[in-house]
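Each of the next two complexes has chain A plus one other chain: chain B in the first, chain C in the second.
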Partner chain A sequence: MPLLSVTNLSTSFHSRRGTVRVVNSVGFNIDKGETLGIAGESGSGKSVLCYSLTGLVPQPPGTIESGEALFDGCDLLKCTTEKLRSIRGNRIGMIFQDPMTSLNPYLSIGSQLVEPLTIHRGLSKKEASARGIDALTEVGIQDAPRRMRQFPHEFSGGMRQRVMIAMALINNPDLVIADEPTTALDVTVQAQILDLIGALQHKHNSAVILVTHDLGVIAGICKRVMIMYAGRVLESGSAGQVLSRPRHPYTFALQKSMPAFTKRGNELYTIPGAPPDLSREIIGCPFAPRCEFKIDKCVNGPCQLLVHKDGHATACVRINDGDLLLDTKYRAGFTE
Partner chain B sequence: MLSFIVRRVIETIPTLFIIATLTFFMVRLAPGGPFSSEKNVSPQVLRNLNEHYGLDKPVLAQYAGYLKNIVKGDLGPSFKYPNRTVNELIATSFPVSLELGVLATALALALGLTAGIIASLRPNSLADYAPMTLAMAGICIPTFVVGPLLALLFGLNLGWVNVSGWHSFPDRVLPAITLGLPYAAYIARLCRSGMLEILPQDFIRTARAKGVPEWKIILKHALKGGILPVVSFLGPATAGIITGSFVVETIFQVPGLGRHFVNAAFNRDYTMVPGIALFYGSLMIVFNMLVDIAYAWLNPRIRLGE
Partner chain C sequence: MQKIVLEMDGIRTHFPLYRGLIVRRQRGQVRAVDGVSLSLAKGEVLGLVGESGCGKSTLARTIIHLAPPTAGKLFLHGADVTNPSPENLAAVRSNVQMIFQDPYASLDPRMTVFDIIAEAVLIKNRLSRKKLTGKVVALMEQVGLAPEFILKYPHEFSGGQRQRIAIARTLAMNPEIIIADEPVSALDVSIQAQIINLMAHLCRQRGLAMLFISHDLSVVKHVSMRIAVMYLGKIMETGPSEDIFAGPRHPYTKALLSAMPVADPEKERSRKRIILPGDPPSPINPPPGCPFHPRCPFAQKKCASTIPPLEPCADKPEQSAACVRKYDDELTG
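So, the complex of A and B:
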């Protein structure tokens, strides 16, 4: 049985301009200790998906329209707020994108760090503080007892993200949701933070959902990948399948946009156009208007995620119908 | 921290010197004198009075003498109340004003913070509009309207408390409410806007993600930052509550300092005016210093004395 099993999750935001379907019928499973990467460009619904799972979508204006998210037998989308609160920070830890704004500037690092221990485990201040010092040391922060008394503004960005990681992992959660944990950081710090998450995940045997828009990050540490666009899953499969043999033109285009895939001296590829307006109903494939392989049935026909025999799923109608092959030939033509 | 306090106290000296100088000369520049309202004062008596209080000396000599006394902490004899010094008058009436002020401030904080927090939790709902409309009314309706209305309702019609006087605790209720209400209203609005600024921040989401109970998110994670506008308002407000209680003290016949402050100006009480001004000035400085210390404690990004 998977640790977390999500089916048909849809989240909308209501505004004066209409209803925006930010997450649209998303489903996935994640096993104990597994790492799932969720990739997609900005606005593809990755973050809202994570917030929906942990009840952090502000309601209103947000609404969870449908779906089920079974976490250890408990539906995260329908259980009481009190039950969900007892899971958050205890069995599910979260790491956020911007460590500069995600720590409370008015509270000391120590008092924020040990809060999950005092709330969920009922530890005394003294016990919690000792555990907090261990946790800071574990994420590579020197002189932890003194650092516990300091405030976020006395930490650098990378150090703050280490604190966030220590805080998310302090109760040994079964699942860690990391929402673009390296986006706001220096390139040199990014690798350290990813290594740290990987090492701690291994040590505590936690499952990790890693949200990112960097396919390179996914290639490095994720076992399985899910590609999101316009609130839907366009492709999913093992990291090897999705990244080396993409079955959706969107994944293919994302890869082509990476500097590593472009021949030195050539202009960097960019996907033309912009993501669609989600307040309008989308018929057909949401990526079709920007797709270099689109034909009539992409725009007008139905579009559904289809799991192939090898477990590699794609929502591309042409690939599912067998009339398009995203061969390495295409990419070879690009890189050579 | 200690060096900050010491430095602030030293900085106080020129401020107080300016207050003493300005009030000393201003009250003398005003037409009339301390004895001009007395009836049938013969020239001989007037000359004696002037001599007794040193008014026959040149103004600069009076000024020098006054400064010398102030340094010793002596604010001089009152011109209007024979045989009583300004120090004595402040000592007897200030505790009354202080008690009234503390009660009013406590009330203003309790009421204002509660209303402000409740309003901020559901912005633009009934729970927001109702207390904020009341607060607007509280700011707009002057004390001299609220006071007599309260006295009429609770004193005369219901008979729960005395209409005036300052003898038992029930006597404190109406003046404290009248004095505190407008400040409660300001605090409610400031607290609401402060909280509304903090509540959508990322770190509040982090607290939720940790499973912090909602009440604790509000009181521990949000209030410390959300209360900052209230704290900076509290410095001048506390001083204003204690000094500005003249109207309330008059309505409810409270024997406080506010009454002396206003009467001293009417009476051209040459020592009482600068004396009370100096006293209020010092009070204001102390409160502002306390606010700065509280501010630095609440917001760790602010360092004292840097």
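So, the complex of A and C:
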């Protein structure tokens, strides 16, 4: 049985301009100890998906329209607030994108860090503080006892993200949701942090959902990948399948527009147009208006995620019908 | 070799640090830029890379005198502009234009696209309203903005379109040099590609020289002909883009390159990575000797005492590195 099994999750926001469907019938499974990468551009619904799972979508204006998210037998979307609270910060840890704003500037690092321990484990302050020092040392912060008394502004960006990681992992959660954990950081620090997440995950056998817009980050540490666009899953499969042999033109276009895929001096590939307006109902494939391979049935016909025999799923109608092949004919032109 | 348009000779930009409430005393200084010598030729794109806090942006601001240099010389077309008179400063600034990182902060939210671009046009020449509108529309078209957006406000645009407005504004001054300070860092990959293409096209078409600052090596690799790697206010390595990516001579460059993620699972998992320990040291009291030695995996005893000069490599005169071990096989191999 998977650790977390999400089916048909849809989240909408109500605004003056109408209902915006930010997450649209998303489903996935994640096993214990597994790493799932979720990639997509800004506005593709990656973050809202995570917030929906942890009950952090403000309602109103948001509503979770449908779906089920079974975490160890408990539906995260329908359970009571008390139940959710007992899971959040305890069995599910979350690392947010911006370490500059997600720590409370008025509280010392120590008091924020040990909060999950005193709340969920009922430890005394003294015990919690000892565990907190261990946790800081584990994420590579030197001189931890002194650091516990300091405040967030005394830490650099990379150090704050380490504190966030220590905080998310302090109760040895079964699942860690990391929402763009390295976007605000430098490449060298990013490498440190990804290494750290990988090492701690291995040690505690936690499952990790890693949300990012950087396909390179996913290639490094994720076992499986899900590509999102306009609130839907367009493609999913193992990292090797999705990144080396993409089965959706969107994934393919994203890869092509990365500078590393084009020779220097040559024009970069650009995806024409802009993402669709999610307050209108989308008929057919959401990517069709910008797709270089689109035909009539993409725009008019239904579009569904179909799992192929090798476990690689795609929502591209043409690939599912077998009249388009991306890897052989089109990929030939640009390998690094 | 093309004609040199901008030259920096030993530029230092230090900021004083004051302490004390009643008696303010200077207690040290932040050495943001500490002896940088670089040159930029006509039509050349020079990529400047480094981690946050290494002084890239301060260097850019020093060139246009937003943060005046403490020492060193700055030459524009061979003329000394280190301490320009107010008239000269205006000339320097119209010749050297800057594109900023955050297009959400660099455009005035109360001005329409027309106001933003026209303001720059009017500095150079007084035009009648009709001619001015024509000029603004022409500039908008050059950066790929539809003329019907002319009366819209910045908040009505996406990040990529805002960056286009910022580019149109710099072009209005007809500059020879553009300093782009992380112009695509705030944008998504697909939008990033559009802006990079646009900037590369404009540079080619107008023969502009560009100092392209970024922390994203894959972007820098794509746009730049030459690259300079900065760490703690100093240039660690400089040379032609291909040479630096193919054979870095400085361990810091090596570490930066190895930290760059590759979007190919098989390659990404098999390659060896150098993970640097810790954070860069503070520019208030930089370590003695080579600024990189406390984090360097190849550091030796002598690295802690001698500051290695940035000198051309004997076997590759185009490429310079500030490392005492730049010819060592352990490092280069």
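Here, the second predicted complex is superposed on the first by the 331 of 336 C-alpha atoms of A that agree within 3 Å, B and C clash if a C-alpha of one lies under 4 Å from a C-alpha of the other, contacts with A are read in each partner's own complex, and residues count from 1 in each chain.
Please note the rule applied: contacts are C-beta pairs under 8 Å (C-beta built on N, C-alpha and C of every residue); 3 or more make two chains touch, one makes a residue touch a chain.
Predicted, not measured: the structure shown is a model, and the values here were computed from it.
S.K.: Quick check on the chain A-based superposition: chain B and chain C, clash or fit?
M.R.: The answer is fit.
S.K.: May I ask you to decide whether A:Pro302 touches chain B, chain C, both, or neither, giving the answer as first, second, both or neither?
M.R.: Neither partner.
S.K.: Going by the contact rule set out at the top, does A:Arg88 touch chain B (first), chain C (second), both, or neither?
M.R.: first
S.K.: Please indicate which partner A:Pro60 is in contact with in the superposed arrangement: first for chain B, second for chain C, both, or neither.
M.R.: neither
S.K.: Tell me the contact category for A:Val187 with respect to chain B and chain C: first, second, both or neither.
M.R.: In the superposition, A:Val187 contacts chain C only.
S.K.: Just checking: does A:Gly322 make contact with chain B only, chain C only, both, or neither of them? Give me first, second, both or neither.
M.R.: Once the two structures are laid over each other on A, A:Gly322 reaches no partner at all.
S.K.: On chain A, which partner's contacts cover more residues, chain B's or chain C's?
M.R.: Partner with more touched residues of chain A: C.
S.K.: Quick one: classify A:Met167 as touching chain B (first), chain C (second), both or neither.
M.R.: In the superposed model, A:Met167 contacts chain B only, not chain C.
S.K.: Name the contact category of A:Thr101: first (chain B only), second (chain C only), both, or neither.
M.R.: Only chain B; A:Thr101 stays clear of chain C.
S.K.: Measuring by CA atoms in the overlay, how small does the chain B-chain C distance get, in Å?
M.R.: Nearest C-alpha atoms of the two chains are 5 Å apart.
S.K.: Please report the chain A residues shared by its interface with chain B and its interface with chain C.
M.R.: Shared contact residues on chain A (touching chain B in one complex, chain C in the other): none at all.
S.K.: Which of the residues in chain A come into contact with chain C in the complex?
M.R.: 41-42, 156-159, 186-192, 195, 213-220, 239-240, 243-244, 253-255, 257-262, 264, 267-271, 274, 336
S.K.: Using the touch rule from the top, collect the residues of chain C that touch chain A in their complex.
M.R.: 51-52, 158, 188-190, 192-194, 196-197, 200, 215-219, 221-223, 241-242, 255-256, 258-269, 273, 275-277, 279
S.K.: Hey, which residues of chain A end up touching chain B in the complex?
M.R.: Within the complex, chain A touches chain B at residues 54-56, 85-90, 93-94, 96, 98, 101-108, 112, 115-116, 119-120, 151, 153, 164, 167-168.
S.K.: Chain A touches which residues of chain B in the complex?
M.R.: Residues in contact with chain A: 201-203, 205-213, 220-221, 224-225, 298-301.
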